[in-house]
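First subunit A sits with subunit B, and in the next complex the same chain sits with subunit C.
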Partner chain A sequence: MNSLGVLMKKEYSQVLRDFKVIWLPLVFVFLGATQPIMTYYLPVILEVLGGTQGISIDPTMIEQTGGQVLAATLGSQFDQLGIMIIVIAMMGLIQSDKSSGMLAFILTRPVTVSSYIGGKLVFNYLLVSVSVGIGYFISLLYIHFLFTSVELSQLIGALLCYLVWVLFSVSFITMLSAVLNSQALIAIVGIITLLICRMLVGLHPMLDAVNPAGMSQHAMNLLISGSIGANLSINLLVTIIWVLLTVIITHYWILQKKFHES
Partner chain B sequence: MQLHYGVDELKAIDWMAILPIILPFMAVGFILILIALIDLYRNRKTRKNIFIWTLLILLCNIIGPVLYFVIGRKDGRTY
Partner chain C sequence: MLTISNLKKQYSNKNILNGVELKIEKGEILGFVGANGAGKTTTLNSITGILNPDEGTIMINGLTASDDLEYKKQFFFIPDTVNVFKNVSGYDWISFMLKLYDQEQTEKLSYFVEQFSMEKAIHKPMGTYSYGMLHKMALIAAFTIEPPIIIMDEPLNGLDPRAVMTFKDCVKNYVKEGGTVFFSTHLLDIAEKICSTVAILKDGKIILHEDIQKVMGEENTLESIFMERQRE
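Take a look at the complex of A and B:
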C-alpha cells in the first residue's frame, strides 16, 4: 500500500479521536446559519427592542438579495470567526507530532517527508472544505427560505473561489505548525496574519493581486454583482504560488530538523 | 422614564413564526455544548480545571466548546 494512503488513514483516525470530524462541520453550520437569520430578523429586533421614537427604519434599505446575504456569510462570518476556528483546529497539525516525538518516529520509517506533509494537508484540507461546504449549503438553505434564491453557477463559482483562500489558510497554518513550537504562538501568529490579509483586501488593486485573501473578495463580488472580477486569474495564480511556497518551506524545515537530530 | 428594553416587550415578538426558523440554529449550538460537556464528564478523572472548562463551554458561545476540543482534551492523553 502506498505511504500517502497509510498516512491519510492515520490522519483519519487522529481526526476521529479528536471529534474534529463532528465539531468542525457543526461550527460552520452554526456560522452559516447566523448571517441569514440575523439579517432577516434585524428589522424585527430593532423595532421591538430599539424603541419607536427618534429612529425610523426604511424597510427598503434592509431588503437584500440572496446573493448579498450569502456574500455577507462569507465575508463577515466565515472570514472572521471561521478563520479563527480553522486556525485553532489546525494549529496542532505538525506541532503535536513534533512535541510527542511522533514526527521523528515516522521519519525513521521508509516514508518521505513529502508524503507525510501531503497526507496531512490533503486530508485536513478535505475536512475543512467539506465543513465549509456544509456551512455554505445550510446558509443557502436559509437564504432560499428567507430571501431570494441564488443562481447555481454563481453559487458554485463563489464556493470554489472561497475554497482556494481556505487552501491557503490551511497550508499557511501547516507551515507555522512546522516552524513554531508553541501552540499559542501558532494560533496568535496565524490568526493575526490571516485577518490582516483579509483586512488589506480592497486597499489597492496591486496589493489585491498578490493577496491570497483576494480570492475571498472575488467570491463575494461574484455573489453580489454576478460577474467575475478583472484579475481573478492573476490572483488565482499568485495564491497557488503562495500555497506551493508554504508547502516547500514546511518540507524544507522538516528535512532540516531531521538533519539536526541525526 | 420608561426603559426601552422591558422584559414584557419580548411578548411583542411573534414567537411561533420565529421558532421553526431559529430552532435548528439553536439546536446546532446546543449539540456542540452537549458533546463537549458529555466528554468532559466522562473524562472527569483525568482532566484538570473541570469547573473552569464547564463555565467556558457554557458561557463562550461557540469558541468555548471548540477550545475545549482542541486544548482541553490534551492533558488526558498519554502517548
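Take a look at the complex of A and C:
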C-alpha cells in the first residue's frame, strides 16, 4: 500500500472514532428531508398552530414540481446550513495536526506533502460527497411521494454539478486549515467567504462564470428548467482551477514549514 | 553515513546554529550533548526536515532532503514529544508506522514489545500512556523498522531503569547489525555507557566530536569533560 493509501486509511479510522462518519450523513439526511416536508405540510402546520389569520400562503406552494423542490433543497438547505456544517466538520483537518505536532511528526516519515494533503482531501471529500448524496436522495424520496418525480438524468446531472461546488468548499477549508492557526478564525473566514460566493450568484454573468458557487446555481437550473446553463463548461473549468489553486497554496504553505514557524 | 556542513539557522535575528559541522560514520553511537538552548533540537529538526536551515547541507548516505521519500527512508526520528492519535491503540499506531516504511508486521515487533514490557499496554489507547510509555512505543517502532540511522531527541526521558537497560541492549544489537544511532541527551552518565562517540554543541557550533573512551581517558567522566568545555 502506498503512503496515500495508508494516510487515507488513517483518515478513515480518525473519522470513525470522531463519529463524523455517522453524524455528517445524519445532518444531511435531516436537511434533505426538511425542505419537501416543510413545503408540503406548512399550511397544515400553521393551521394546527392556530390558524393562518394574517398570513398569506401561496396556494401554488404545494403544487411545485419535484425538480423545483429538489432545487430548493440544494439552494435553501444545503447551501446555507449545509455549508456551515461542512466548514465546521472540516475546519480542523490540518489545523489540529499542526497544533498537536502531528503534522511535523508525519512529515518526518516517508510521506510526501502531496500524499498528506491528498489523503486528507480525497477521503474527506468522499465523506462529504456521500453525506450530501444521501441527503439528496432522502429529499428525492420524500419529493417522489409528496410531489412529482424528477427525471433521472436531471437529478444525476444536478448532483454532479453540485458536488463540484462541494469540492471547492472542501479544498478551500483545507487550505484555510493549513494557513490559519485558530479553528474559530477558520470557521468564520470559511463560512463568510462561501456564503458570499453563494450570494453573489446571479448578479452578473461574468461574475457567475468565475464564481465556484455558480456550479450550485447550474445544479438548481437543471432541476427547475431541465436545461444546462450557457456558461456551465467555463464555470466548471474555472472552479477546477480554483480547486487546484487552493491545493497549491496548501502544498506551498506546508512545504515552506510555515506550520512550524508560525 | 550522515554529513552536516556549515549548518546555520537563525530565529528572530538570533543565531541558533553557527555553522555546525558533523560527520557520523556507519556503526557509530553518537551522544549529542549541549546546554539548554545550545541548538541540539534545532540541529535534529533540520536533519529530519521539520525546519528549513538558512544555510548549509545535510546528507544521509549521499541523499539530501530534496530526495524527499528516499531521504526520509534513511532515518527514523523520535522527537522529544512523541505525537500520537490519542484514541488509537499502540498496536495500531505501530502498524501505521510500519506501513509508512513499507514494512509488514514481523516477529521483531513482538520481540521488542516484550523487551520493553509493553505486552499489556499495546492494545490500549495511546491517550492513556505515560510520557515514558510513549517513548517506549516510539523505540519499539524504530528498532522494528530498522532504518539505516535512528535519530532521537532526549530518548531516555521518562524511561524507567529497566527500559534504559533494554534501550542500551537494543542500541548495541542494532549497531552490531549495521545501524547507526544519533541521539541528544542530558543524561551524561548513561550516555558514557552507551555511546561510542560524543559531540558537544556550544553556542551553535560543534566544539568536540571524538571517541568517548579517548576523550575521557582513564580518570575523567563525560560530565567533567562537558563542564570543562562549557567553561572554556
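As a working rule, the second predicted complex is superposed on the first by the 241 of 262 C-alpha atoms of A that agree within 3 Å, B and C clash if a C-alpha of one lies under 4 Å from a C-alpha of the other, contacts with A are read in each partner's own complex, and residues count from 1 in each chain.
Simple rule for what comes next: contacts are C-beta pairs under 8 Å (C-beta built on N, C-alpha and C of every residue); 3 or more make two chains touch, one makes a residue touch a chain.
Model, not experiment: these values are computed from the prediction.
Peer 1: After superposition on the shared chain, which partner residues are touched by A:109: those of subunit B (first), subunit C (second), both, or neither?
Peer 2: A:109 sits against subunit C, while subunit B stays out of touch.
Peer 1: For A:44, is the partner it touches subunit B (first), subunit C (second), both, or none of the two (neither)?
Peer 2: first
Peer 1: Give one of first, second, both or neither to describe whether A:145 is in contact with subunit B, with subunit C, with both, or with none.
Peer 2: In the superposition, A:145 touches subunit B alone.
Peer 1: Could you say whether A:100 touches subunit B, subunit C, both of them, or neither, answering first, second, both or neither?
Peer 2: The answer is both, since A:100 touches subunit B and subunit C.
Peer 1: Using the superposition on chain A described above, determine whether A:193 touches subunit B (first), subunit C (second), both, or neither.
Peer 2: After superposition on chain A, A:193 lies in contact with neither partner.
Peer 1: Just to be sure I read the superposition right, which of the two partners does A:257 touch: subunit B = first, subunit C = second, or both, or neither?
Peer 2: Touch status of A:257: second partner only.
Peer 1: Contacts for A:65 in the overlay, against subunit B (first) and subunit C (second): which applies, first, second, both or neither?
Peer 2: Touch partners of A:65: none, neither subunit B nor subunit C.
Peer 1: Please indicate which partner A:183 is in contact with in the superposed arrangement: first for subunit B, second for subunit C, both, or neither.
Peer 2: In the superposition, A:183 contacts subunit B only.
Peer 1: For A:14, using the defined touch cut-off, is the partner it touches subunit B, subunit C, both, or neither? Pick first, second, both or neither.
Peer 2: Second partner only.
Peer 1: Determine, for the superposed model, which of the two partners subunit B and subunit C contacts more residues of subunit A.
Peer 2: Between subunit B and subunit C, B touches the greater number of residues in subunit A.
Peer 1: What part of subunit A is shared between its subunit B contacts and its subunit C contacts?
Peer 2: Residues 100, 102, which sit in both footprints.
Peer 1: Which part of subunit A faces subunit B closely enough to touch in the complex?
Peer 2: Within the complex, subunit A touches subunit B at residues 18-20, 22-23, 26-27, 29-31, 33-34, 37, 40-41, 44, 48-51, 81, 84-85, 88-89, 91-92, 100, 102, 142, 145-146, 183.
Peer 1: Applying the document's contact rule, which stretches of subunit A touch subunit C when the two form their complex?
Peer 2: Those residues of subunit A that touch subunit C are 1, 3, 6, 10, 13-14, 17, 100-102, 104-105, 107-112, 256-257, 260-261.
Peer 1: Can you check the complex and tell me which residues of subunit C touch subunit A?
Peer 2: 48-52, 68-69, 72-73, 77, 79, 81-83, 85, 87-88, 92, 96-97, 99-102
Peer 1: Can you name the residues of subunit B that touch subunit A in the complex?
Peer 2: These residues of subunit B touch subunit A: 4-5, 9-10, 12-13, 18, 21-22, 24-25, 28-29, 31-32, 35, 39, 62-63, 65-67, 69-71, 73, 79.
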